[in-house]
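In the two complexes below, chain A is the common chain; its partner is chain B in one and chain C in the other.
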Partner chain A sequence: MAKEGLDAILAASAYGQHIQVLFMDEGVFQLLRHQSPKSLSLKSPSNLIETLPIYGITDLYVCEDSLTKRAINEELIMPGTQCLSKEDIKHLIATQDAILNF
Partner chain B sequence: MNIALAIYSPPLSETSLRAIRFAKAALNNGHSIHRVFFYHEGVLHGSHLNTALKGEIPATDEWRNLQQSHGIELIVCIASAIKRGVINEQEANRYGKSTHNLADGYELSGLGQLLESAVSAERIVTFGP
Partner chain C sequence: MNEPKKEKQTLHIVSRSPYQYRDIEQCLDRACDNDAILLTGDAVFALLPTSTIYHHLKNTSIFMCALEPEVAARGLLEQNVPESTINLISDDDFVQLVCEYSRSFTWF
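After this line comes the complex of A and B, so read on.
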């Protein structure tokens, strides 16, 4: 549901909400740079994610554990995303008014 | 408690059935459900052509019954729906389709409805994908 999740993020920003985005589990693959989806006639989610700051969405987080489990080095993912530990994620979730997961 | 639901799974999936059981349990226990938002594959609930065979649970009708008995809004994401062949008369005209199939009681609308639910309900509960 990568595309649907990003669409919801953009809609939420149009709705004037303060949005924080956490990528975790398989979702971290969306942050990989240098993807070549064109050969499959698809669009790269990371291209869309890179445009999020233009829409005022700058709080992008990624689960450190999810990266480690998939052997994804931080250098392979988009710059501007902040790595969070399990404890950090607990705090992030606890401080939200509403949570949508995709 | 005022609860909103978001359903991302198609009818006949275990998750779809769980959502129906959850909604009935919540309503039976005095909670209210203002809106169900169908997104992604969940939009397939909105076709009146869905036909349950004997012994199966007709998810489209089950939600329609809850809509009638409890006034729950059944909102189907318009973008996800037209891509999957769930379409009302207006969209059928817009895209030059010869027929339409959105079930009675269901409405096509945008993602704003999901976000409005997330903000206004005390809890939003997601089912799927």
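After this line comes the complex of A and C, so read on.
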């Protein structure tokens, strides 16, 4: 996702859409704290993601299974994200009007 | 084309090859019983009985379909794609499915 996804989120929020963001599979790595991609001349995605609540996007979810499979402890990811089980994710998907995947 | 189940939910669209990506497994993992999964592009290679994902497709209760022109384009119609596993649909059927389901989810 990274940049393209964040751009889409911010663009949609500018039109007053109610946005929920789910991080799953490889996407969960973006939530890792202490990323320092400076030497690659890039910005840390987690820093950008942390700014989302400022734009009114507070529903940030992460797939519990994806974290477990990658041995990522919840303490290693940025705070403010809510862990969802497989069943929770099914329900989340089923309650959306539209879905964008990045 | 067989009628999908009632109470239509999400239409999952998968287009990448199961030999390179795990889209189909990830999708199957998060699809509800009354969802549908449409295979298009290189994802239709999942229909080969030798593919790693084939047994998952065979055993799921989710409505599975594949775009017939994509399957034909890759020469898979001659490769014993079992019609009992999958519903082969036309481009027009694809449009109809998108309209019938409450939402679509494109995996990539």
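Keep in mind that, in the parts below, the second predicted complex is superposed on the first by the 101 of 102 C-alpha atoms of A that agree within 3 Å, B and C clash if a C-alpha of one lies under 4 Å from a C-alpha of the other, contacts with A are read in each partner's own complex, and residues count from 1 in each chain.
Quick note on the criterion: contacts are C-beta pairs under 8 Å (C-beta built on N, C-alpha and C of every residue); 3 or more make two chains touch, one makes a residue touch a chain.
Treat the numbers as computed from the prediction; the structure is a model and nothing was measured.
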Problem set entry | First, second, both or neither for A:A11, with chain B first and chain C second | first
Exercise. Where does A:K86 make contact in the superposed view: on chain B (first), on chain C (second), on both, or on neither?
Worked result: second
Exercise. Touching A:D25 in the superposition: chain B (first), chain C (second), both, neither?
Worked result: second
Problem set entry | Which of chain B and chain C A:D97 touches, first, second, both or neither | both
Exercise. So which bits of chain A does chain B touch that chain C touches too?
Worked result: 97-99, 101
Problem set entry | Contact set on chain C toward chain A in their complex | 9-10, 22, 26, 29-32, 103-108
Exercise. Chain C touches which residues of chain A in the complex?
Worked result: 24-25, 65, 86, 89-90, 93-94, 96-99, 101
Exercise. Where on chain A does chain B make contact in their complex?
Worked result: 1, 4, 7-8, 11-12, 14-15, 17, 97-102
Seminar exercise, completed: So, in the complex, the side of chain B touching chain A is made of residues 6, 8, 39-40, 79-80, 110-112, 114-116, 118-119, 124, 126, 129
